[in-house]
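In the two complexes that follow, subunit A is the common piece, with subunit B as its partner first and subunit C second.
What follows is the complex of A and B.
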């Protein structure tokens, strides 16, 4: 107000006032997220160093330091769960990215057939995970469609226990997760392929390049920045995933399909040991924080580049 | 032309394989929902059977289903409204102000967006117990909104960034306040982004079941997704009944999808990369 005499400062104060108002637009989100997203995470850290059961969930937590973490590491299953998590994320990311790129290349040409398939894929992606999980639990059953087809084709002698075998179950659930994430990755890859100038392909054609060479030397280099971002997004998606595990196997048989985030949930809500579950969840949260840093770096590079 | 013919023998059949991989599971949901439980015991993969609407009739006779539908609608709509009310102004503010605060907030939003929901559910259960929000729709709407708001802000921001500042400056010269300019100039131009975000929030809230299963203390209040989740993880599944429930849960998504597919196709790619 005081500087409002000369035109220059008046303009400046208008600018700064505008900026302050625009920053105020962010205030409701900051308040809401501080109360219902950030504060709960702080509470999670507090619970992870306390002895919290159902009986004392409301109050009177006893501070136990790192005892929950130690108890976790002492359990034989914990190492296996970490391995499960890494395997799960690796399968979802590999299949999700390669499948997504392949589908994007197949559907990049416009046409009615491509458009129909793309719409179908996006619809499947939009369905509730519990619906997709249910149908795959059914299809992968001992008497399910997949086993029937494989038996009829003579590829197997007896039904494969896709969801009941220690070694196969993790692969099955991870594949279903990849199946759901492929539509999204394909959509993003496709947008990036479509933005490649048509001249690039025409020039390659004049030089007599085959379709494979086009993909190898034009398409793949062009989508590299996109794939970096999608890589991190798919890793995070695979890491966070619990819905298909919940619906299809509930972490079993034994702990064969239990990943780190799912273990935390089971410890808290099935075994009612909230302290132990929180400690597991904190480890998962810290891993996500690392991934988030990698992600923001790759997005910034993409925006600059 | 010759090249086209040479290229298609590979791409054509592969496209068909992709189609089959995504169409068959959907087809099987519908086929199974039209079978009788006895048909499924015989063979789960049979194509020839006498279609029956028994599973639907049984499902629709269950009074609990209508409560679940209503719950799904209330929770998904409530979450969509609350998230948009918070995320629209925030997305605009973060699109316009470039300062260190913006960078910090954006970084925090990315971290929050990536949090495993299984980590959020533990402290929220504890806090909602203290705050009296367990077993209430309001509690579930708040929890879903806290989960989805970071995503919504990050998705909306690029849409607001693409609105030219020149238009706002012109409005300001005409004496329009920042708030009025926001409502009369910026919001109409960002309507596609808002529609895309709103649709996605509705879809995600409709499918959410982990909070619903844990924060509602009795299944009476479950929305459809939670009902489905609790039935599919139970022993001795009645598959035709379950698939009928899956179809009923998916129909609103299909309707929404038919109206918003174009928006989703464009909006998703923008939000993912930026």
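What follows is the complex of A and C.
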């Protein structure tokens, strides 16, 4: 035997080298994640159980246990903020999913118009939120395009207070958020729809199925697995939405459009109560984590299926 | 120069945590300096002959002041480069504090003067007591524009900005009223303007420090005082403001406006009054297509107008604090620097000698502001508010102000809520 090595030893050596190579390739991602995801999250949790203010940010953090969470719960506005967050997520998810599916069905057939509209959708989706929010703030203003059109058409007597009535403002910002997520959902739904065999639709037509019946009995069941994944992603997206609120209402009027991410921002970066802001962020992270678990399970189920 | 005495690992941990909280809360959404026309990244380390000046000015005239100062300083100091770095208003304080936690930051900071205490507590500003005490012209500056904490001078203001009542002279002529000198006259004038089909007033109701800054004159006009917060004066003030929104004199859309938008709305015409500042002089001249003027806010003898404006300070981690001080001394704190700010923006120099310059005294618009300083000028923030509570107080009051304008809270509920909140802060 050359070099005195048995075939088993050679295989082991090859396996070992292969594993080392694999580890080498994985290492950058692990280091990156550890530095920019794991470490900050550990620090976030540590900060959430500490008293961290502007005066001691760079020095000792006194451990206070769950005091920050208790302080949050003790604030009258916190319950309202949680309700705002849940409402916001519900609106974004409902409109985002239904709108995305509707657009996908409309654009399922290939063609010049379909391609043009898809390109526009990608543009809308890729537009920076700050730009998007500023444009919508202008459009929804008292003298903005939407109110002007509604007034000119005689549909309303006075301008709709889209962004400054506490009963409407949250809905308005959530609608804009949903409008932005519709393109992404539409693109994913469309990919799912065009993978449905054409024979299924042809057979349905031969049987006399209407367009609505095709959607109800073929399209919707076929995209159900995709819907679950998109549902979780859209919920997470709605849950962490911050930018449109920041640009369009700054959480107002009062605190009418303040959600958990925005509250965390205000506490940490305006009030400089980093401990309190971190506790709010942790509450939001935990809620999103539950959804992330659901998402990963649904993906695994998809893969197995 | 005294430096922040925090160990590097601790600072790194703190920075990491701030980054984490920021990433989770912001979700990578706020504008960056470069997006807004900044000239360098705020993270750029300074060299011995380059001084970085962080500021939040985006208005053309305000930016021009910085450009003029840069030219003055670079001309007078060969080989020195001044880098003016724009950081959006809402991001300036967080960036300064997180930079300080990691042991970095600019050489010079130009910030909202009211935040001096917060930034000093956050270790972002270097004490400049030594420089100030040896500054030959220090006596030219009123004590109210020198920001101290625990006996140390941390910042001073080269000029003062404050609010006044801008009026559309053509509308007032049409409805037959004179610029108001009392609240009753103002309310009558706004009723007349609304009856004639005009809007009454524009102001900011944003739920943050800008809202609090704009609310303060109206609250104090009814006798409110942070030193002894009472419900009754707040109820009266909030009732008046809600009467404005109910009559249509003030749009509730103001809750989404920062201080720039209401003035642009006023300058576009169709609004009788605007509660806005002296710094809008340039905008008024370039935008308003009508005759206009300014009178002091008609807030009586108890009313107060914050003497605001930007504070100027040396960054706690400046690589060259001596050069940074020279920059301040030769620009913001100089006679010429004060005159430049008055000329370009309408800011009132803090220096007593510069305030008497022709540029100021010959400007009829600035007369009203000068009168306001004399009759109603108040420290910003109010002295009764402890430095560590300023950020909370400004936010909470701004949110309540916003809720009152938006109709979310009744005057009684808003007043009680505000007094309760202040009780925990003051």
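Throughout what follows, the second predicted complex is superposed on the first by the 291 of 305 C-alpha atoms of A that agree within 3 Å, B and C clash if a C-alpha of one lies under 4 Å from a C-alpha of the other, contacts with A are read in each partner's own complex, and residues count from 1 in each chain.
Following the convention adopted for this analysis, a contact is a pair of C-beta atoms (placed from the backbone, for glycine too) under 8 Å apart; a residue touches a chain by one contact, two chains touch by 3 or more.
Computed from a predicted structure; not experimentally measured.
Chemist: Looking at the combined model built on subunit A, do subunit B and subunit C fit side by side or clash?
Modeler: clash
Chemist: Classify the contacts of A:163 with the two partner chains as first (subunit B alone), second (subunit C alone), both, or neither.
Modeler: So A:163 only meets subunit C here.
Chemist: Of the partners subunit B and subunit C, which touch A:290 in the superposed model: first, second, both, neither?
Modeler: Neither partner.
Chemist: So, A:38: does it touch subunit B (first), subunit C (second), both, or neither?
Modeler: First partner only.
Chemist: In the superposed arrangement, does A:261 touch subunit B (first), subunit C (second), both or neither?
Modeler: It touches subunit B and subunit C both.
Chemist: Between subunit B and subunit C, whom does A:274 touch in the aligned arrangement: first, second, both, or neither?
Modeler: both
Chemist: On the superposed three-chain arrangement, identify whether subunit B or subunit C touches more subunit A residues.
Modeler: Between subunit B and subunit C, the winner on subunit A residue contacts is B.
Chemist: Output check: A:55 vs subunit B and subunit C. Expected answer is one of first, second, both, neither. What do you get?
Modeler: second
Chemist: Pick one for A:251: touches subunit B only (first), subunit C only (second), both, or neither.
Modeler: A:251 sits against subunit C, while subunit B stays out of touch.
Chemist: First (subunit B), second (subunit C), both or neither: which does A:129 touch?
Modeler: After superposition on chain A, A:129 lies in contact with both partners, subunit B and subunit C.
Chemist: Mind working out whether A:198 is in touch with subunit B, subunit C, both or neither, as first, second, both or neither?
Modeler: Touch status of A:198: no partner.
Chemist: Which subunit A residues come up in both lists, the one for subunit B and the one for subunit C?
Modeler: 39-41, 43-44, 47, 52, 57-58, 129-130, 137, 141, 240, 242-243, 246, 250, 261-262, 264-265, 268-269, 274, 277-278, 281, 284-285
Chemist: Once bound in the complex, which stretches of subunit A touch subunit C?
Modeler: Residues in contact with subunit C: 39-41, 43-44, 46-47, 52-55, 57-60, 129-130, 137, 141-142, 161, 163-166, 240-243, 246, 248-256, 261-262, 264-266, 268-274, 277-278, 281, 284-285.
Chemist: For the complex, give me every residue of subunit A touching subunit B.
Modeler: 14, 18-19, 21-26, 28-30, 32-33, 36-41, 43-44, 47, 52, 57-58, 102-103, 106-107, 109, 113-114, 116-124, 126-139, 141, 143-145, 148-149, 179, 183-184, 187-188, 190-192, 205, 211, 226, 229-230, 233, 236, 239-240, 242-243, 246-247, 250, 261-262, 264-265, 268-269, 274, 277-278, 281-282, 284-285, 288-289, 291-292, 295-296, 299, 302-303
Chemist: Which of the residues in subunit C end up touching subunit A in this complex?
Modeler: Within the complex, subunit C contacts subunit A at residues 4, 6, 10-11, 13-14, 16-27, 29-31, 35, 90, 93-94, 97-98, 100-101, 118, 121-123, 205-208, 251-256, 388, 391-392, 395, 399-400, 402-403, 405-409.
Chemist: Sort out for me which residues of subunit B touch subunit A in the complex.
Modeler: Result: residues 3, 7, 10-11, 14-15, 18-19, 21-26, 28-29, 32, 43-45, 85-87, 89-90, 92-94, 96-97, 101, 105-108, 110-112, 114-127, 129-130, 142-143, 145-147, 149-150, 153, 172, 178-179, 182, 203, 206-207, 209-210, 214, 225, 228-229, 232-233, 239, 242-243, 246, 249-250, 253-254, 257, 261, 264-265, 268-269, 272-274 of subunit B touch subunit A.
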